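Shared between the two complexes below is chain A, which pairs with chain B and chain C, respectively.
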Partner chain A sequence: MKHFFVVPVLLVLGFNALAQEQNYGQITGNFQADAQYYITDTLIGASSPAEKTMLNSYANFIYTLGNFSAGFRYEGYMNTMLGFPNLGGVNDGIGIPYRWATFSNNQLEVTAGNFYEQFGNGLILRSYEEKQLGYDNAFDGIRVKISPYNGIHLKAIAGLQRFYWQKGPGIVKGVDGDFLINEIFSGIRDASWQLGFGGSFVTKYQKDEDPIYDLPQNVGAAAGRINFSLAGFNLISEYAYKINDPSSDNGLIFRPGQALMINASYSRSGLGIILSTKWVDNMSFRSDRYAIGTDLHINQIPEITKNHAYSLTAFYPYATQPKGEWGVQGEVFYRFKRGTALGGKYGTALAVNFSRIQNTQQTQVDEFTPIGARGTYGYNTAFFSIGDSVYFQDLNIEFAKKWSSTFKSTFTYQNIIYNYNVLRGTADHETVYAHCAVADLTFGISDVLSLHTEMQALFTQQDKGNWAMLMLEFSIPNWFFTIADNWNYGNADPTYRTHYLMGGFGYNNHGNRIQLSYGKQREGITCVGGVCRAVPASNGIMLTISSTF
Partner chain B sequence: MKRTGILTGIVLSIFFAGCDIVESPYLETDTPVWNGRKILILDFTGHMCGNCPSAHRTLSQLQENYPEAIVPIAVHCGYFGVVATSNPNQPYHYNFNTGVGLELGGNGFTNYGYYNIRSQPIGVVNQLIPEALSAHDAWAGNMASYYSLFPEVQVQITPVFDESDSSINLTIDVTAQIVSTRNLNLAAYITESHIIEWQMDYTQSPSNVQNYEHNHVLRGSFNGTWGDAINTANAAITRNQKFTKNYSLKTGTDWVPENLSVVAFVYDSDTKEVLQAEETHVIE
Partner chain C sequence: MKAFFAAAAILILSSVLVAQDIPQVQIKDLNGKTVNTKDIIKNNGKPVVISFWATWCKPCIKELNAYNELYPDWIKETGVKIIAISIDDSRSSSRVAPFVNGKAWDFDVFCDANSDFKRGMNVGEVPHTFVLDKNGKVVWQHKSYMDGDEKKLYDVLKKLSKGESIK
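Entry: the complex of A and B
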């Protein structure tokens, strides 16, 4: 990894010197360092590693000059903070894992080095990074984007994916095209409706070294999509198909995969309605068939459940199940007009969201072969079949109102069904049925002082029982002071009715932020976009420094 | 519209033409040639790891397909390997942990061992480096890369069980098959099979299985986790040169001598590649 370091540093330093002397180009970037000092706390299951303090850090540097841009990212894990992917210590270390250069003009864009890319909705290709998850499946290779005609946008990529400080074993190649009908045909450019089509094809090559099974070395996937809008109505749909791809995810079965997603929405002033559905079967797609966890995903199945921001409404988050799932989501957002009975002087907003995910129906391929048996076709399923097992359901209502120039509030109610066994990989755990309520209040005490409070409660008879949370945050210009208590007061075992107290303060100014906190964090799971990682319980001091420039 | 459909079909056919659609029975038709190299597989497992029996079944399948070539060791360690209770009537009371196992895989709380074990099941095939950890579905392919190689050394184990004090006295002969200057280490472990104890198994309902048969369980070592150096400083090794080591170990009180095996392996102490492994029952 270290040999990547010298060239990009010299390049950017050189360009920087040039930029300063001749006022050519611009350098932008950002930096963040998160450090934690760990204290052992046997009651909550928090451990202190040999390093005592662990540190995740990164910095991006981007140089732009006309049609040319280049950049690199430094990353340092000394050593990787607990809970982030690091099997075998594979993530520990420092170096430059990401560097790139791009040239673009009106019709052509060429990138060499690392890049992130998404085809359509990501059903067969999406690479991105998410620091909160320790997720990064960047490509290292080449990407070409061409726009040969108005409304026609073509992309081609080839590369290997990032595997921590190494690269995955599979070579990924893909092409994608977007065809925007209203731009292609100038006569309908200003029509009240807009129509677009798209298609993509992705293939991965990985050598078959298995002496038992005849594994496919070249696995292809194709997807087609449509996008239609008329007035406030919008429809997005995509279908994807992948040929046989035996992997650790599907237990080395040879059936192909399919996925369909449909997203319809309507919006006008003060009103928004969204209806979504998806059906997925055997669509895990990685550039190493044996990869596990969040490693080397080529695609990402979009989530259709709400990402909650409050601590207790996000207590039971949904993790997308590429092996098979059917889901539906509906959301209505309405803003009551100011001056009406419900709208009041400052306006009121109401949002109702419902989502439900179930399994797909699977049957044996024959009477002798169990469902999912290794080295077989696996199972049969009809397209868009829906099983009886509920994976997840979330009904939530959010009511936001500003009462005066100094007081505003948001009240949230949530009702959750959470299939613990499917979503946490266990077998005998009860399905969790939970209610959650949140009151989020902000008081402007004076021109320079405000108080933000969150009162949260989660009620369930399963898992660890009831929780309550209180958070107070005082803000003055550039500074904030926070104290929060997560209390597992309903735990069936009185020994574990723990208070998870956390206090801290921070400073914010001109893109620079420093935050220091001390306290306990409960064990849990955090998800972004349906991708999750386990968060271990911890006790200690946390420091975050970030900056943009 | 029909023309567009035909065109789309043609384009997709061209794309998918380069892909490998495999037909049933999905099996390799070529049988690899075995030249005597035995392959060590360390399976980092735990009795409270519900997905670990899948790895145990992978090992069993490999042993069925390549009975002469596979030398497995189940290393109980990590978060899922802890003793859940001291009450012998409760599940997961049995202590499978060993000093060697914890040094290799950690206890999952205060340390993660040499291999930095963060999730289970996971294992290594013929490599004593953390970077070589892989999911159990990959073990067959990893094994195949060594299967047809000629062994650089041969290992012969001669155990004698002394009933008077329940100890095992051991002679291990390592014979070089080729000339080399490798730095070599010899490690000798003891394993036990047919231990009937609790195991979590997510393929079963209920998943807490009381009478699970645990095989190849690491019980300890004759000469420490990393064994003894038998060739150092890149000294020249001649063909047929023999290295002999003698060891002794007192068995545990609940070990069944008839179910014990000695596993010895020789590895390159620089590259950490296992060059040859051997397994012998203590009592034939």
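Entry: the complex of A and C
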């Protein structure tokens, strides 16, 4: 451990001294550690592990010299904090799971080692990491990117995927091309319209060792996309197809998968309108057909619901159902100009968002085979079929106004339908209907002191009933102090009408940030970029240190 | 454990002494056109602000709203160019252009949907803002946003445009 750190420290010191000459390259990086001390609290269901304190930490180092760069990430989970994916302690430990070297010039980029990649919108390939979710499906292999001509960008990859401290069993190979017509043909470069095409192909090889079924060892997937814009209008669409890929996700059915997404928008200064729809059938794609949870995903189907940022508007979040879903979303942003009746002195912003997700329509293959029967074709469904079951609906309105140089406000109303059984994997929970309101106010008290408050309320007859939340946050340059109370005042059982009180402070300066908080955290779901993880109830002290250098 | 933090502290202290170049990676403008980061930071010897944000990040939007309000004055006084880098992924990257237009922000916005630029700049969480001097070197950075933080940025820009030290 000690030796490990002495080396990079010497390296950095050495390079920094030499970097003045400009010829020896530079080292940059970042560091983050999150630690929590756990206290048992039976009322909220918080447990404390044997270690009492748990720690997730990582540090990235990147060395760059001209066209060459290389880096690695050290990660330490001592042991993994509660709520992160860690079945049987598979994530615990320390080491360097991520290291890479890249050479690039104007036309060519070659990477050996670990990398993250996305083809198109990610329907058939997307690898990424999200520390807050404990999500990391980085490839370990090689990647080549070539730009042989203006407007043509080609990529080829081959690799295995990260599975905690090991690698998944499947080998993934893929190619992708982007063709921007207005750059290829210089005569139309500055035309009022812009057109681009793209296509990709991905294949996964995993040996068939199933004792009963003859499973495909090579699973191929292809996708095509288009991007067209004309004077403020924009259309983005992608279609993907995957051959049959029996897996734990689909219950070992021999059925191909399909996905289509269409996104149309119009915008000009002060106005934005978006309409989107998608349809997905049997598109789970992993580099281990038996993988579960967030492990070894090759693709990621993007959600078309809004990603909420307040604690109660994000109380019932949506996550894509790759087995099958249809969805639609509409959104309008409007800004009332300064000096108008509604705009006032500083302008006013209004945003309305609506989304609804339903199941697809599935029928039996024949009268003897139940839907989804293992080892069969599974079911029949017509392309773009829409079923009767509502998975999720969200209508939300946000009104933001600055009243004076010292007072700003944002008001939000939200109405949610949440199919608990489908989205949380339960069997007999009732569907949740909820309303939510938030007032977010900021007061500049003096030149250096400001107060930010959030008042939130969530009303529902189902689940745990009503919630109220109050948050106060004082900030002076470089420092902030915060106190928040989440109160489950509407719980049907008076014993559980708990206050989840949390206080903390933090210091920020340049690239450094330290935050310490103490209190109770309710059980819930944390989502980033459409992927969610369950956060257990906890009581204790939390410390975060992060730095970019 | 102690060695771990000591090493981290030494690293941080030693490396902030040297101004850094930004990595050269491909990102996309709002029309989907690929651009290289080295080309978007050109500003005729005047300072450049690079701010990482996302459509789902409340403090980011507060920060960029604050910058947008002051941007005309800042340009006049310091010649600064502000570049906003959206790290929205494929779920929300198609929302970026209508969102930005709806806000009527005046600065250049680019999409970093695969987080290549974000990783290259060692950004963990958003918002994260960097200031580049006339040579395109990173000379100042700030994580998170609290109301009033724009005043600190303004002070840095004023000093840079006058050629003063910001240490």
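Simple rule for what comes next: the second predicted complex is superposed on the first by the 526 of 549 C-alpha atoms of A that agree within 3 Å, B and C clash if a C-alpha of one lies under 4 Å from a C-alpha of the other, contacts with A are read in each partner's own complex, and residues count from 1 in each chain.
Just so we're on the same page, a residue touches a chain if its C-beta (ideal position, glycine included) is under 8 Å from a C-beta of that chain, and two chains touch if they have at least 3 such contacts.
Quick caveat, the model's predicted, so the values are computed rather than measured.
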Clash-or-fit label for the pair chain B, chain C on chain A: fit
Partner chain in contact with A:A341 - chain B first, chain C second, else both or neither: neither
Chain B versus chain C as contact partner of A:E303, first or second or both or neither: second
Chain C versus chain B, contacts on chain A by residue: C
Partner chain in contact with A:G29 - chain B first, chain C second, else both or neither: second
First (chain B), second (chain C), both or neither touched by A:D210: first
Least Cα gap, in Å, left between chain B and chain C after the two complexes are fitted on chain A: 24
Residues of chain A that lie at the interface with chain B and also at the interface with chain C: none
Footprint of chain A on chain C - complex, ascending: 3-4, 7-8, 10-12, 14-18, 20-21, 23-24, 26, 31-34, 55-58, 62, 69, 89-92, 94-95, 97-104, 113-116, 119-125, 128, 140-144, 146-149, 151-152
Contact set on chain B toward chain A in their complex: 8, 12, 15-16, 18-22, 24-29, 32, 50-51, 54, 61, 65, 109-112, 115-119, 122, 130-138, 140-145, 147, 200-202, 204-208
Chain B-facing residues of chain A, complex: 40, 45, 47-50, 85-90, 199, 201, 203, 208-220, 222, 224, 243-244, 246-248, 251-252, 254, 289-293, 375-377, 425-428
Contacting residues of chain A [partner chain C, same complex]: 1-2, 5-6, 8-9, 12-13, 16, 19-20, 26-32, 57, 59-60, 62, 64, 69, 76, 104, 116-118, 120-122, 126, 128, 131, 153, 178, 180, 183, 194, 196, 227, 229, 232, 234, 236, 263, 265-274, 276, 300, 302-304, 306-310, 331, 333-335, 346-347, 349, 351, 408, 440, 442, 444, 447-448, 450, 452, 475, 477, 480, 508, 510-513, 529-530, 546-549
